[in-house]
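Across the two complexes that follow, subunit A remains constant while its partner is subunit B and subsequently subunit C.
Then we have the complex of A and B:
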């Protein structure tokens, strides 16, 4: 029988240990393909690869009323509506805002996508032409206190899949989140800038 | 223990035959090639195939996505898809953001409507193969690189009125003459240097079998 030296055996065990540590430290697939956030604060334009986004205001309401299009005039909710007023500009080609979310504490909520056109979600943005509108998020009641205490993050991305791409992330102070009985939702319009 | 010297090397044997000094390197080299012939042949076949699959196919796919555009200078015409295509006129309408004065319009400030009239005249003996037609506006001079606009659908919101004898539907399959009116909403200043691109494709899916006509606008 062939004899193996102690040194070689230790080397093999050491290599296995190093490999185990490397596997243990390797990031999860979801972390590898996670979007790259480009961060900014409310009132400034945050520029990602596909679009620029600026949050101009934020509000919370027990009910929203849709002031245009063919939609139920009032949208009730079991929790509350978070309304984000924003201006979005795409850079290179006609694209839609396919991904918008808010992060409150540890939870992320996707935007309400059933507003009638023209709304920010689903709008076909022409390159270089800024469009102002509102994003609507339906949140549970318990998220309100967290939003007020910790603030929120609003994320914007165009294109089919935001993974491995930059996403505009706007940080908003929680003190601006004040619950009102109702907020009116207006159509998205091209923002004229002289 | 035998000590290796140059003389010992010179008197080495290959396959039991003692070799004269000087023959070893050449014979050894020939033996190496003979032993490794099969792997070398496999490598010679696999390496180019790998390079073709990894690099060549994606490059060919990108190159084949669009045909080389045919640039049609202002006033000239081009023949494609059984039609003769000519830009009759084009213009930029700079937005004033509303107002009541002379020249005021509903186009938002900082933006412009860019419009072009493209005359399509059927050629004699043209085949009636269905052809899809897509018009875009392209600007290659911006700081973000190439930008492309698709035609506006809702023209009423900017009080834009189409010509009486024009259409926004580009449909060469009819075999009838038509004047295509393409209208785009762009940032002001895009017009100069931009092009109206008309893509004509028989399959309707890709432009590999099609034609791309490029009409420069402005001066």
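Then we have the complex of A and C:
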């Protein structure tokens, strides 16, 4: 039988150990394809590759009423509604705001997508034409305390998949979250025509 | 004078050759070790039948804490209108509805919704039948995901013919999925959802209610 020297055996074991460490340190696919945030604060326009977004106000309420379309006038919830008033402009082509989310604490919430048209989510934006409207998020009760204490991040992206693309992220102070008994949801309109 | 016989000193001595005949060849050792392993596995019960465990049964209204979602099945009912909207069922059919309260226990929206509940109702609905729609029970809009931490009333709808006889008892299966950590393509891959609990109940508004 061919003899293997101790040195070579140790070299092999060492190579395996290095490979194991490299595999362990390698980023997850989710981290590799994570969107690139372009950050700004409430009241300023944040410009990503495909769109610009400006958050004008944020309110929280246990009840919202939909003032247009065929939706039921009031939307019941087990938690509360976070309503983001924003103006969105796409740059390059006719696109929809298909991805909008808020981050509260360590949790991420997607936007409510069943508002009747015209709403910001699902609106077909002509390039260069700013549209003002509201985004609706349904959150659990305990998220309200976190939102007021720590603030909120609102993310906007056009297109189906925001991965490996820039995303407009607007940071909102917790003290700017306006608590109201009810909030009226209005149709989205081209800015200046409301 | 006797003829001289020359002996080749390189030949193997006779006693050593006899030892070589007695030594077990390599494949003999292999068979022996394999046989020993098989005997040991058998002695430890390795070839016995694996007992098939029934999916645990929970009661209506009892919460089953899951890996991704906590599920509480509240009711199975038959109705002529869609929950939340009051819109009538398509002509000639009505809905078997499983209503459940779900809570996503993670920190991001989960899309395990269509696959979280299954209904077995005699020959009307089988375990492989996906629900025809999944809606928010109070508002009626289609649901595709669950927000983290938000208790959500969900109605799973199966269309059945209006005249079909309903069974006295149905089984609601609660399903769960698990991450596949060594998937070659996706880090976030999941295996097929698996039944983890069942609720046996009657149908509200049906013959057995």
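The rule we apply is simple: the second predicted complex is superposed on the first by the 190 of 194 C-alpha atoms of A that agree within 3 Å, B and C clash if a C-alpha of one lies under 4 Å from a C-alpha of the other, contacts with A are read in each partner's own complex, and residues count from 1 in each chain.
As a convention for this text, a contact is a pair of C-beta atoms (placed from the backbone, for glycine too) under 8 Å apart; a residue touches a chain by one contact, two chains touch by 3 or more.
Just so it is clear, the model here is predicted, and its values are computed rather than measured.
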item	value
Partner chain(s) touched by A:192 [first = subunit B, second = subunit C, both, neither]	first
Contacts of A:92 with subunit B and subunit C, given as first, second, both or neither	first
Residue contacts on subunit A - larger count, subunit B or subunit C	C
Touching partner for A:138 - first (subunit B), second (subunit C), both, neither	second
Partner chain in contact with A:28 - subunit B first, subunit C second, else both or neither	second
Subunit B versus subunit C as contact partner of A:124, first or second or both or neither	first
Subunit C residues within the subunit A interface of the complex	107-109, 138-142, 145, 147-153, 186-188
Sites on subunit A touched by subunit C in the complex	28-30, 72, 75-76, 78-79, 106-110, 114, 138-140, 142-143
Contact footprint of subunit B on subunit A as seen in their complex	91-94, 124, 126-129, 189-194
Partner subunit A, residues of subunit B touching it in the complex	95, 97, 108-111, 142, 144-150, 184-187, 190
